[in-house]
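Look for chain A in each of the two complexes below; its partner is chain B in the first and chain C in the second.
And now, the complex of A and B:
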């Protein structure tokens, strides 16, 4: 659902291949894992781009965006990304990536089990610490 | 002249295939006279008459070919709609599925820019994350994401309790 919703909003077509979100399957442990652009702080795609078309901006959320006026479609960013989360639109000859929908990602709304949420990367560690603290206190009460 | 020599060399090595003049040419220069775009030029230097063609000026009208009394101009190459190979580079293949991803030279450019060299993989098999996640899950280090616990009843992601604690006690609890 998240992939279809993303493709419809971002590419205007009902084709999950054009989605900015990827879901990888891990057969060994019987799990799926969604993957989007990690908006790396020291982003390899920014370093690799020969036209300086990729930059980090901070409007609603901190994110890495592609300036399509500068992009020439050389796919350097695709091959530099260690997560493989930049896709390439062969019809338009240009790459695409998750831009977090400007702070309100559609995939989050469409994820039925509620597995997707948008969090500030600085807060993730705190949330995890809090969750484990909650588990510990729950154990003590028992 | 210098430029004439270059053109001759190119024609011989078949680099410029579009406009060719065969051995029938006797240097009458009717083509030069009749070219509406001034794309043909002749120069008499030392002992030779050198005929040059300028591809940028040429309008592909075929006038030279039509009027040449010796039928020496081979204009059909320009009308063939063919392709000339201009470069051939060695490919690098995905180490998992074997699809061609980029060239050896592309890989060099990329590693120069990034300062690192990683295994060549297509984006579908860019599995550094997958491997890390597998290692993580197989070790069983995360009891809070067991599939038997439904995510909507997990206490740590309940939206109703999260925001206020996040905003008030940030840093204090850690």
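And now, the complex of A and C:
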């Protein structure tokens, strides 16, 4: 549902190929891995863009965005992205990527099991630390 | 007037494919999924066909809303004449096949004939390829979700079907359907409202029509199968989803009539194929409810008011 909802909002059609979120099926471990733009601190897509069409902005959330007035569709950003999360719209001849829906991602609302959440990057380490501590103390008694 | 939905007539014996669009008239009368499949089966299946022969049809149908936000996966419906009962049989298969089939460019596949050798059908962006396969076992070639059960299609020598495509399915009101489905998802966590006496008794209600009565529960199931949801849902939800996704405005009565029409078509087909003389629970059900050839197979009283008069020559 996350992919369909994303495609409808961003492209106006039901076509998961145009979704900004990708879900990779990992047969090896019987898991699904959702992938979106990681909004890297030192984003390779920004460095690779010859037209400086990709920039990092900080309005409601920090994110990298594409300025379509400058983009020429050279696909350099697709090659540079380490996570493969930039797609290319063949109809428009332009790349696309997740922009976190301006800070309220639609995919999170449509993920009923709660596998997707939006977290402040500064808080991720604390959540991970707490989860790790809980795992380690699971067998201990007071 | 037609839509962007397409039907493929696949002749397995000759490896030929003929495609034609689903007309707006067909969409308004039967929606899609099991509704259109029943119509196509009545129209194309030879009279008194031996279910185990190559002449029997197998229709693979995606629901009317399959692949949309209302049914991102959607159940695929297989319709054929059963070798066990000799009557029209239907099986709903969950998984992403229906959505992938629509994205591959087809809503309905009518499989005719029998392939010479074991064949795999590859359906990709509006094209259907026939691939001969050797040594293929059930569910062993592709993603299990993309493979329909071997035994359903074994009589046609079709071992597997695989779909992939990038056809974009148009949405009439993108923001409207997002808001609607979001609200439905959020309401899952809310405690269910206690059933009123009316709601409790609704399933036992019956709908009367020119060809006899049908339980409302059966009507709801039929609408679910037409839409590719594979479950019952209330008429208002169904109507809202259809309107927001496709722009087709239908009210509750019209939805009921569509479901009624689809069920009656199946009954008429079964009566013609000799259910009255058949044994078993279904035949008893027909007899008890008075669904006989004399009562149901009438052009002016049943076929004309139900707008299925184009099937008169096939089903009389």
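The rule is short, and it goes like this: the second predicted complex is superposed on the first by the 134 of 142 C-alpha atoms of A that agree within 3 Å, B and C clash if a C-alpha of one lies under 4 Å from a C-alpha of the other, contacts with A are read in each partner's own complex, and residues count from 1 in each chain.
One rule holds for everything that comes next: a contact is a pair of C-beta atoms (placed from the backbone, for glycine too) under 8 Å apart; a residue touches a chain by one contact, two chains touch by 3 or more.
Because the structure is a prediction, the values reported are computed rather than measured.
Q: Just from the overlay, do chain B and chain C fit on chain A, or is there a clash?
A: Here chain B and chain C can both sit on chain A without a clash.
Q: Contact-wise, after the overlay, does A:81 reach chain B, chain C, both or neither (first, second, both, neither)?
A: A:81 contacts chain B only, not chain C.
Q: With both complexes overlaid on chain A, does A:34 touch chain B (first), chain C (second), both or neither?
A: Touch status of A:34: no partner.
Q: Is A:129 contacted by the first partner chain B, the second partner chain C, both or neither?
A: Only chain B; A:129 stays clear of chain C.
Q: More residues of chain A are touched by which partner: chain B or chain C?
A: On the superposition, B touches more of the residues of chain A.
Q: In the overlaid three-chain picture, which partner chain does A:73 touch, first (chain B) or second (chain C), both, or neither?
A: Touch partners of A:73: none, neither chain B nor chain C.
Q: Rounded to a multiple of 10, tell me what angle the C-alpha centres of chain B and chain C make at the one for chain A, in degrees.
A: The vertex angle at chain A equals 90 degrees.
Q: Figure out whether A:5 sits in contact with chain B (first) or chain C (second), or with both, or with neither.
A: second
Q: Tell me which partner A:114 touches in the superposition: chain B (first), chain C (second), both or neither.
A: A:114 contacts chain B only, not chain C.
Q: Report, in whole Å, the shortest distance between any C-alpha atom of chain B and any C-alpha atom of chain C after the two complexes are superposed.
A: Shortest inter-chain C-alpha distance (chain B to chain C): 12 Å.
Q: What residues on chain A does chain C touch that chain B touches too?
A: none
Q: Note which residues of chain B are touching chain A in the complex, please.
A: Those residues of chain B that touch chain A are 101-102, 106, 109-110, 113-115, 118, 121-130, 133-134, 137-138, 143-144, 147, 150-152, 155-157, 162, 165-166, 170-171, 173-174.
Q: Taking the complex as given, what residues does chain C use to touch chain A?
A: 67-69, 72, 103, 166-171, 174-175, 177-178, 181-182, 185-186, 188
Q: Residue numbers of chain A touching chain C in their complex, please.
A: 1, 3-5, 8-9, 11-15, 17-18, 106, 109-110, 112
Q: Help me check something: in the complex, which residues belonging to chain A touch chain B?
A: Touching chain B from chain A are residues 24, 26, 28-31, 33, 35, 44, 47-48, 50, 75-76, 78-87, 113-115, 117, 123, 126-127, 129-135, 138.
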